[in-house]
Amino acid sequence: MAYNLLKGKKGIIFGALNDKSIAWKVAERAWEEGATFTLSNTPVAIRYGELDELGKKTGSKIIPADATSLSDLNMLFEESMDFLGGKLDFILHSIGMSMNVRKGRTYDDLDYSYLQKTIDISAISFHKVLQTARKLNAINEWGSVVALSYVAAQRTLYRYNDMADAKAMLESVARSFGYIYGRDKKIRVNTISQSPTPTTAGSGVAGFDGLMDFTERMSPLGNATAEECADYCITLFSDLTRKVTMQNLFHDGGFSSMGMSLRAMNVYNRSLEIDENED
Amino acid sequence: MAYNLLKGKKGIIFGALNDKSIAWKVAERAWEEGATFTLSNTPVAIRYGELDELGKKTGSKIIPADATSLSDLNMLFEESMDFLGGKLDFILHSIGMSMNVRKGRTYDDLDYSYLQKTIDISAISFHKVLQTARKLNAINEWGSVVALSYVAAQRTLYRYNDMADAKAMLESVARSFGYIYGRDKKIRVNTISQSPTPTTAGSGVAGFDGLMDFTERMSPLGNATAEECADYCITLFSDLTRKVTMQNLFHDGGFSSMGMSLRAMNVYNRSLEIDENED
Amino acid sequence: MAYNLLKGKKGIIFGALNDKSIAWKVAERAWEEGATFTLSNTPVAIRYGELDELGKKTGSKIIPADATSLSDLNMLFEESMDFLGGKLDFILHSIGMSMNVRKGRTYDDLDYSYLQKTIDISAISFHKVLQTARKLNAINEWGSVVALSYVAAQRTLYRYNDMADAKAMLESVARSFGYIYGRDKKIRVNTISQSPTPTTAGSGVAGFDGLMDFTERMSPLGNATAEECADYCITLFSDLTRKVTMQNLFHDGGFSSMGMSLRAMNVYNRSLEIDENED
Amino acid sequence: MAYNLLKGKKGIIFGALNDKSIAWKVAERAWEEGATFTLSNTPVAIRYGELDELGKKTGSKIIPADATSLSDLNMLFEESMDFLGGKLDFILHSIGMSMNVRKGRTYDDLDYSYLQKTIDISAISFHKVLQTARKLNAINEWGSVVALSYVAAQRTLYRYNDMADAKAMLESVARSFGYIYGRDKKIRVNTISQSPTPTTAGSGVAGFDGLMDFTERMSPLGNATAEECADYCITLFSDLTRKVTMQNLFHDGGFSSMGMSLRAMNVYNRSLEIDENED
């Protein structure tokens, strides 16, 4: 169902890869709500992903860009404003990657050149997006910028590794830049802390299925899906949330406010009972 | 501007007094967005307020009820479902009062019978609303319940007094009941932590003007108004935020994430400079 | 091992029942560190507990008092200062009780007279202790007041029930009164959020063993014991923490900062694997 | 006054420059409490500082090391264990630097090579210290590691700039590594979030005096001094806080839990009144 919440609004959506991506769902929903936008990802991701299909469906231009490169970002913002015929109203940042995770380096055996890349790609890229937009004066007053985060920024989850530190920094960038961009241009900057989501990126983490089951049973409303996250993004891009800024907003079916649920405890206890029978 | 976000949805709005009330603004916006609802407040508030006008404008039934009375709440829910022709989809709880504040009792000289009333009216009433709704099975699946809170629940503001403790408990009730109501009925429960707002209730706090100026200059987007709060409530009542629950959501122009702003510091420093000149 | 950290300091310790109580351990450690103090609990608890033994060991006077009664508290403070020969330096508040938990009333079926008692005993009593001390000017400058709390104040644990709301309010009282008492008398007020501890009170919660196992495996250092909590209290009563105030301090082996540990996930996953084999 | 709290304990203290440094005060207090340790800083800081004096007073070896260099850190840990005659019990990390701040680059005009250095020096260095210690098995069971942080990690303060993001990441590193180090070796890792302190580093921030005055009046106990911070560190290095880990501990006279104090508001309001008189 559509409400015209983004009628006439223009944006850039970073990070769609295929139809499992949260950014993909955001693009579909933004389009349904009346927005026009460009889609950006790295050249490699565009080659291996299915972004063309999404571009056609939503009438969007696909612009390859490395979000860690200032010249790429400059080009992206210029081309986007050119294509859209004016300044932007919203941006989605859905970018993150850890070579330490990919290569199976544990957190007490990090490769520091990988760590630098994790931070550069997953956190500093968000600052670069904001600083580039600011210098080009590329966002309209009351525009809205959202980046996707994860509860690992507050609480340690084994194997989430250096992405936890990157997300903590990402959320800090949202606050730090949100202050300046709010004060000077009335633009809001927030992060959404989303449930674990079975995207191509998310599934890469070892032990992901068990964790998904645990968070599903811990969360009174269950894990939030990519589609539901897209709905939530729409509200944050709309004019109905103009005074929400510098926040990290949990979109997780209640997980972040849970200590222990009956449903998760039942699974856990069953395993304990087996112990006792075996002993 | 309206989007039909609440088309066909039914609700109860507690706490509207006059056109400065946040609850009043929520009622106006909910009506614009296609909702039908009843309005409730205490008999005294209804007598001295201007609720009739709002009821006529929005086609709502006004039902007097003391939100600390279980029998009143039962009657209210029954009459509301009767008037609206079915179960509810949303509830707004905008209720709070401290006799200690009114009577000028400082926090180290509380009257404990007043304190009990503060807690009963400002926090336990929210539990009573939820428990009554639950027992009557009065809310549809994926319904949404919101209560209004204030940052004093996390950080002490002089003179906010025992209302701080009441708001801390209110936010806890949202989490505690949100778990059960989410698990059993897919109903979400959240609080909005709103900027200081010059309502009839808010203005009662001594020194309110200076505080409003401070928070205005601390918040990069300025204080959030009652109208803006109403817009935000609409998003939380809509179907676009179904997986947001057990959260306290700051709607405050960024205040909650600020340590010190340039604009507030400039005012503060000017006063310090005067000191030095005088000395 | 003792360090003379509390040499010459005087205090009141509320809530010791038997040698499993955290308050009991605090009394033993405070005595070892050179403090003198009185011990207080309700007349009933004193009758059924073993406080006499503790009193003899530590040379303390046992003073029955209902911590919800202002006249009892007045008497207690007067008698304590009399017995100790001067004003106090520290207070431990380890008091909490829920009739809703005891009677098995679930959180969506609370008895509201029980709830009022939960709040009065578990949260407001802390305010009464502080207000009485303040009015009698019973605490020396740089004195330290600590109350025991639990992570349920921030995150919902099934069956912890209305104690979660009481702990949230308790922590708020620490902040609210900590502001006034710090500003006026240089006295600090904090709460310690302690691991689940197998005291007589703690064990009353149904499903306590499974929860203890879960938090043990989630916490990198394991659950904190009552003895360890007593050690931590000593540091907060000492002169080495004079500028720590209005804080809720987690003493829980790291639990509060964990999202998921490998050890807990292993137990959880084993249960899931059984499911698959059975299906 | 000394208590023998660190009798026989061995450590490394990073970041002492001169007698205004927090690390300097920690060294003095650790020495008084019976510890032996080495002192480390960059070669440049050692040349321009007064570390020799501190080394003589406390019988410590001074070991120059760049905390961003793995080979330097390896050498430092080896030499320290050699000098101290065994493994370590505590480490203090008091390291931070931003070229963006020094060069007056505002947060919306960051130099990204400077930002990378800020993160490397102020946050990643902490990971490198921990990873090096872990690989060398250089810390005894129940050892304690502390890094110094600032409330800017949670709340934006104008001009604190990219140090806010570095501190947010630093605190995340403490949690992430605290999980692993706790689970495997019973070693705790925490950060202390200290009041603004007039050290050589702190004073470099423009507008520091006004901010110090504001936080002094906002904090019920006033700003915490470097000496008081040293006392607090001692408790965290002692055996009395063994189950405190993965925490960010505010040592700030209550500032972090304040929304607005009467004393700060009085200064602020006086400036507003002048406005009105002038208008």
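Note that the chains are named A, B, C and D in the order they appear, and that numbering of residues resets to 1 at the start of each chain.
Please note the rule applied: a contact is a pair of C-beta atoms (placed from the backbone, for glycine too) under 8 Å apart; a residue touches a chain by one contact, two chains touch by 3 or more.
In this text, all values refer to a predicted model and were calculated from it rather than measured experimentally.
Q: Please give the intersection of the contact partners of chain A with those of chain D.
A: Touches both chain A and chain D: B, C.
Q: Given that chain A and chain B are copies of one sequence and touch, is their interface built from the same residue numbers on both sides (over half shared) or different ones?
A: The interface is built from the same residue numbers on each side, given that over half of them are used by both copies.
Q: Just send me the rotation angle from a CA overlay of chain A on chain C, rounded to the nearest 5 degrees.
A: 180
Q: What is the distance, in whole Å, between the centres of chain B and chain D, each centre taken as the mean of its C-alpha atoms?
A: 40
Q: In angstrom, rounded to a whole number, how far apart do the mean CA points of chain C and chain D lie?
A: Spacing between the chain centres: roughly 30 Å.
Q: Residues touching two or more other chains, restricted to chain A: which are they?
A: 155-156, 158, 175, 178-181, 246, 257-258, 261-262, in rising order.
Q: Which of the residues in chain C end up touching chain B in this complex?
A: Interface residues on chain C, with respect to chain B: 70, 106-110, 112, 115-116, 119-120, 123-124, 127-128, 130-131, 134-135, 153, 155-156, 158, 161-162, 164-165, 167-169, 171-173, 175-181, 246.
Q: Can you list the chain A residues touching chain B in their complex?
A: Within the complex, chain A contacts chain B at residues 1, 3-5, 175, 178-183, 186, 188, 195, 219-222, 224-225, 228-229, 231-232, 234-235, 238-247, 249-254, 256-258, 261-263.
Q: Contact residues on chain A for chain C in the complex?
A: Within the complex, chain A touches chain C at residues 151-152, 154-160, 207, 210-211, 213-214, 257-262, 264-265, 267-272, 274.
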